[in-house]
């Protein structure tokens, strides 16, 4: 029985070697990535029984997603799309180096999940789940995906799960106005909100500092807990009338993609382990920092490694 | 000024290493491929001034296609698609080993060329062209692509170019009935037809041997020249009331994809060089055989190398 | 609930590129392999709920085995060895080319499974299992492994599972005398025996043709079913007083390692699907042939692909 | 018709992976590089119709240079050397890491371009060209190359093109005395001089600060424009009695080779676009900075990307 | 005739690419490494006739060690282990990135050298040797290895060689108490001691600053020379009643493994060249810094390169 | 003290992956190769103390040759060329696939060995040597190399060594007339001649069958032993009035380069081991066959492996 169920799209991620461009000749490293499965992988590494719910093309690329997630210890529960238009969303990642920015080329339009219908999915995975998590990317994919997102949040509530939502605004998918409208319609079915400060401002229109935004978000939308993330400035949480704040864990960046998802995975895993939000934020910070040291979208770690980072007991060579 | 103009879709081709599967982890070798650009590349290697006409997404993947074709000596004349839905068609190639067949997974639906309109294309490239070539894949892509195919065949005729067409039936793109109907509507604007024997039978419904099919195709559709290809059994051509026949050039197969296109490229290059159809078929056979020894969709060769194959003067180590 | 439970050692497999030697510089491709997990992977690909029971070092190499097997759809149920001497068995594979033979360098002595004890293992996985499978490699590893093998065969019998055993004699692990003695002590708890003809002769001392050996093995050791494999000559089975015979499926060999395990996986999967032994042998033959086309110890396939091979409907390029 | 014509040698560049040495075993990454073709590539990426004039061996290595340059959008106009001594200049690049310096091992003696004669080259490419560019490397290669350099500068002047010259002193090719003498004989046919401050001092013997050197160079040799580059300290230009100064664009260094050529390409491209020298220097600075983020000798970029760097609007992940 | 003889274990070193984990799929880069052969390689590069004495399995992996060391200019004198339990020690290296530490997974238990006996080794290599060097790793491997270490130190003394010893404490091999006891029994046969400050404190129990520890070590154990290394703080030596101190050579770190061995190799090579300890420490510092710029355990360099670093004359691109 | 001394050029060998062309983008595998060092490597693997004498550039590429040969167990005795024109000969190898031939592009003109002088070489290595071997490639390189070849053959004779010579005609280096004249002037200092049948015919002008050519060669030039190689037809030797004949050992071909050198190495090693010419030819045949299964110019093997091939005891998987 899953402790954590996430729902969303997972894409094939193709990237040329560092220092090379997408447009010049040469092969691509191939991984998979998607905000919600990234969260499930991070949580699974930390000991959480994690299930990922989605729709995939019934072809080798879809099977590849299932294989990789299983390898990471996540249980994929999938509606298989064997229609003629079935396809796996894809993105091309070209890692930047200052002043050349990292470039993401999406090739995800019309992917199988854009045709998802609630009754295709095995909602029984929600039975007994402690947390259901999805992000603002999913409803941006299609009307069908937005409806299914709403349905699942609703079903998760009925099943007694905490409903977690990460704004995760993507400007390449929709406008801020579209996003805001959709977010607001979903918030009533959300208990725990992860809000990047930038999204809270540019999409939801909040002004002021992170603390006040956290408070107002909780108040405006009747949310149990609001976690605001501020990049280098760390995170803070508002819950039960209290504010909790955590810095980041410093480190090197090998690959920044998926850092936010690792943070959410760390926070959820520690909440599921029974810790308070303050401790959970610190686990999120360590998870985010560890993710940045690894190639790929996902954090491959263990509770022991993460706690060693928090104990500041690492850094040398262990031999 | 181009001697040969081809029109069609070029895709990104992603393939795992030999002996590996698409669905298991690991990177992809990345090349490009498309029947019509494959023909242009083969012909360019043999000294033909070759232009490829198409529509591409205005992103790094589209630019990659242009880069690679230029490297192969082809002049790409491209309508750039900067719409939100712009995408490059993609295919995944898993090379088989008997009894495991080679598997092609298409991810080409909705690619930029499916929205092509005749007036987006710089038809001035047809001015002075000797041959215009396209294949049955292009009209299968979308109604728009089919209309543009018809328009270009018509324009090529007006420009005085020989119009060449390869049936190239793809069962993953349309039914035999749809293909037949489309083919028949295009044939009146075709001068030189390349017909794989299998397609002539299964799509156009011909029965009997290759010789009689060649004759009847020419007769039924008033075609100047019909080249029928028969795989291992070689090719034959019917023109001006005469039949010409050529065998294949034996050899090893490193990668069979693009063999038929190399054949067409060889035939067209030699016709453009002023040879008769009989000689041209032999150049096609050598081109096809050389292609099979190379990884990728395209034949990289030179006139000297090809003629050395025909002279049977190769095979050892030259040092 | 597992349909198939296998028990045995899985090793890290390190191999230089084809045409290179272990002793010259350069990196190693890294996979995993083990007769019993190879069987579980092949069966899982064919739709069988497969569990693999073993003991692994509690380190990244042990976790790697679990990750890879999960990716292949197998459920690993593992006793973790966190002792100081914990280690993963390893083997180096140098692929040959005639007349240079394929070379396997074992570095497996003292691996964690050699210290396995029956009560470390979660035997509840046997509850409801239809088939329990292990091979002659496992009891060759250590006395502890031999005892646990006997215990598990016994427990499987009590749980009502069919007990399957593949002789799989390894001359680098023990003498034929040691092997024979051990085999004979285990046979009374075996229902279904896979016996390579070579092993039946050199280890068990049988003479005569495969047919008579199959009959005598069944008779001498009171085995329900005996499958004798004869390399290029195919396989035959003796059961219920009847002999069934199947040829091999011809094909190319990319990597021969694991062919026998794929055969066993195919046979067991089809028996579990309710087919008779004759049909099961043909599935085994197709599985073996498909395995030979893939790099690595394991067969990655699906029921659809395997059945297409049996239908002889493959071989070309599907596009 | 070319806007920019460059003339010089392009070599094969072979480099072991970062952290490896030329002298230890392992393969080489293979690219091409040459100061003048590097400039042409950078300019082509920024929209300039660029032609590169040279002599190459009539073998696969020579054809490789043509292929790669065409891929980068440059039009190579080549005298093919089919003599017995034809060879492509080669250099081996071992990237350093402080305190180990980057090492360049030249193997370029006797390359085909050292036998170049003016009348082998298709000088008609100069007709209508706006800028002709070469560097101090070319006359250092051989007497023949020096004579041809002088001839082409003269012909370019007659054709009405601006003649651009980059000192580019290479101590491995000639002494400072030889270089100075050659430079001075060429300066009368130069309009626009790029002078690294170090070369102006060590080769031409100037003292004082960059500003005064720029002024004196222009004055001493009657040059229209002198651009002095000062590494980290940025560049300055003296023209029409005015001094213009620009800093560098900060960033990371993946591969420093070709930075100066990218700078020149950026300056020339922007001058060709009609901007003043001040703006052109800033484009050069951005081009140089972008180049440092890419593996290889050449800058692969677009006008849009470069201008985004200048707008300081990049740096994050665009998705 | 060897100037330097070292004795110890050399292992196969397997490492995933940077940013990847041992436990996730993918191949391993394969090198060799061992403290004593690392010292021999560094010294050989600096012109010392270096011999490495050890025991290796008589299989391709053992032969690989010999091949690689010979390539590095070291003369391996090896007792070949053709027993059934022969194996090469192995270690897996996962390079870290802050805050994820570098992880070393040893798989070295029971390697061939653990069964080494003094009379298996060709001690004649000590005849005429100037320096014999080993480290605290070797006696930690097994009782047999400890006895042989003592025997060889004794034999080296009889042969008139300076006996050099590096504490090199490895917590994964033994306790500090075991190490201390062993060290103390060996010290009477040591002339030159390399003592990492951390080991001097945690294992030998010294307190106070490095200077006083160097003095007391020399005094307590009657050592001719004691070199204390202090990481970033550089090294110091106590000999003949004098203290000498050297800083480090700043630089980048590509791979930190083997840095200490390169330092020892640099010091020994320069002492063998007749320099005083002060100069020798500076060569050690440069060697250590150069090592950090290279992948792998060993320093590949030359006297010229190292002296250029000391002359601070490097850092740019030499071309 | 060397048993075998060989003299000749060793080049860097650069090759694209199989199925790729030299002229298309991508990296090169880098190995070394040269007829005489290939012979030395094969012989060293079979237990012969082998020295290779040559001249190399004093740069990382020259050092690379020394490193690799040492790794293969050969002792390189080298005159280092630190002149400005020092360079390592290079060749590019593009492996063919029928009907595309394997292509070798030489870039070896003016390599350091072309300036070799006899007194630069340490001829003391000939003292006590049993066999001195060189080939017809060396005198083709330059007059200086031809003179040194003659000098060394003469010195080897004085030192009492058997002088072995392989015709090894290379049409890319000289004409048949030049070669014949040079060969004939050297033959008086040759004891053992290896003559490919093709070269004996096309260069030396012999007609008739191999047997009579062997006899006449021995007779015409007063040679002790003549070995004629006939490709697929095997080899034969004439010595002391007797003819000996051996077939080839069948097998697969991974890389044919160096096959003839492995043959010579096998023959010489077995003659040095005291066998008669008949047995030596069989060792040559096995060595040639093993070489064909390995990538690269050189045979990496052992006496045990080679004898197993002769015993026909290999072919399966040993585990």
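Worth a mention:
We call the chains A, B, C, D, E and F, going by the order they appear; numbering starts again at 1 in every chain.
The criterion applied here is as follows: contacts are C-beta pairs under 8 Å (C-beta built on N, C-alpha and C of every residue); 3 or more make two chains touch, one makes a residue touch a chain.
This structure is a prediction, so every number in the text was calculated from the model and none was measured.
Among the remaining chains, those touching chain B and also chain E are A, C, D, F. Counting only chains that touch, the fewest steps needed to get from chain D to chain F is 1. The interface holding more C-beta pairs in contact, when A-E is weighed against E-F, is A-E. Interface of chain C with chain F: the two copies contact each other largely through different residue positions, with under half of all numbers used appearing on both sides.
Ranking all chains by how far their C-alpha centres lie from the centre of chain D, first place goes to C.
Mean C-alpha positions place chain D and chain E at a centre distance of 46 Å.
Rounded to whole angstrom, the centroid-to-centroid distance between chain C and chain D, based on C-alpha atoms, equals 62 Å. A separation of 44 Å divides the Cα centre of chain A from that of chain B.
Counting partner chains per residue, chain A shows two or more touched chains at residues 21, 23-26, 67-68, 71, 103. Considering their complex, residues 14, 21-30, 59-61, 63-64, 67-68, 71, 84-85, 87-88, 90, 92, 94, 103, 105, 107, 109-110 of chain F touch chain D. The touching residues of chain F, counted against chain E in their complex, run 67-68, 70-73. Residue ranges on chain F touching chain C, taken from their complex, read 71, 249-252, 254-255, 286, 289-290, 292-295, 300, 305, 308-309, 312, 314-319. Per the touch definition, chain B reaches chain C in the complex via residues 17-21, 23-25, 91, 96-104, 106, 170-172, 256-257.
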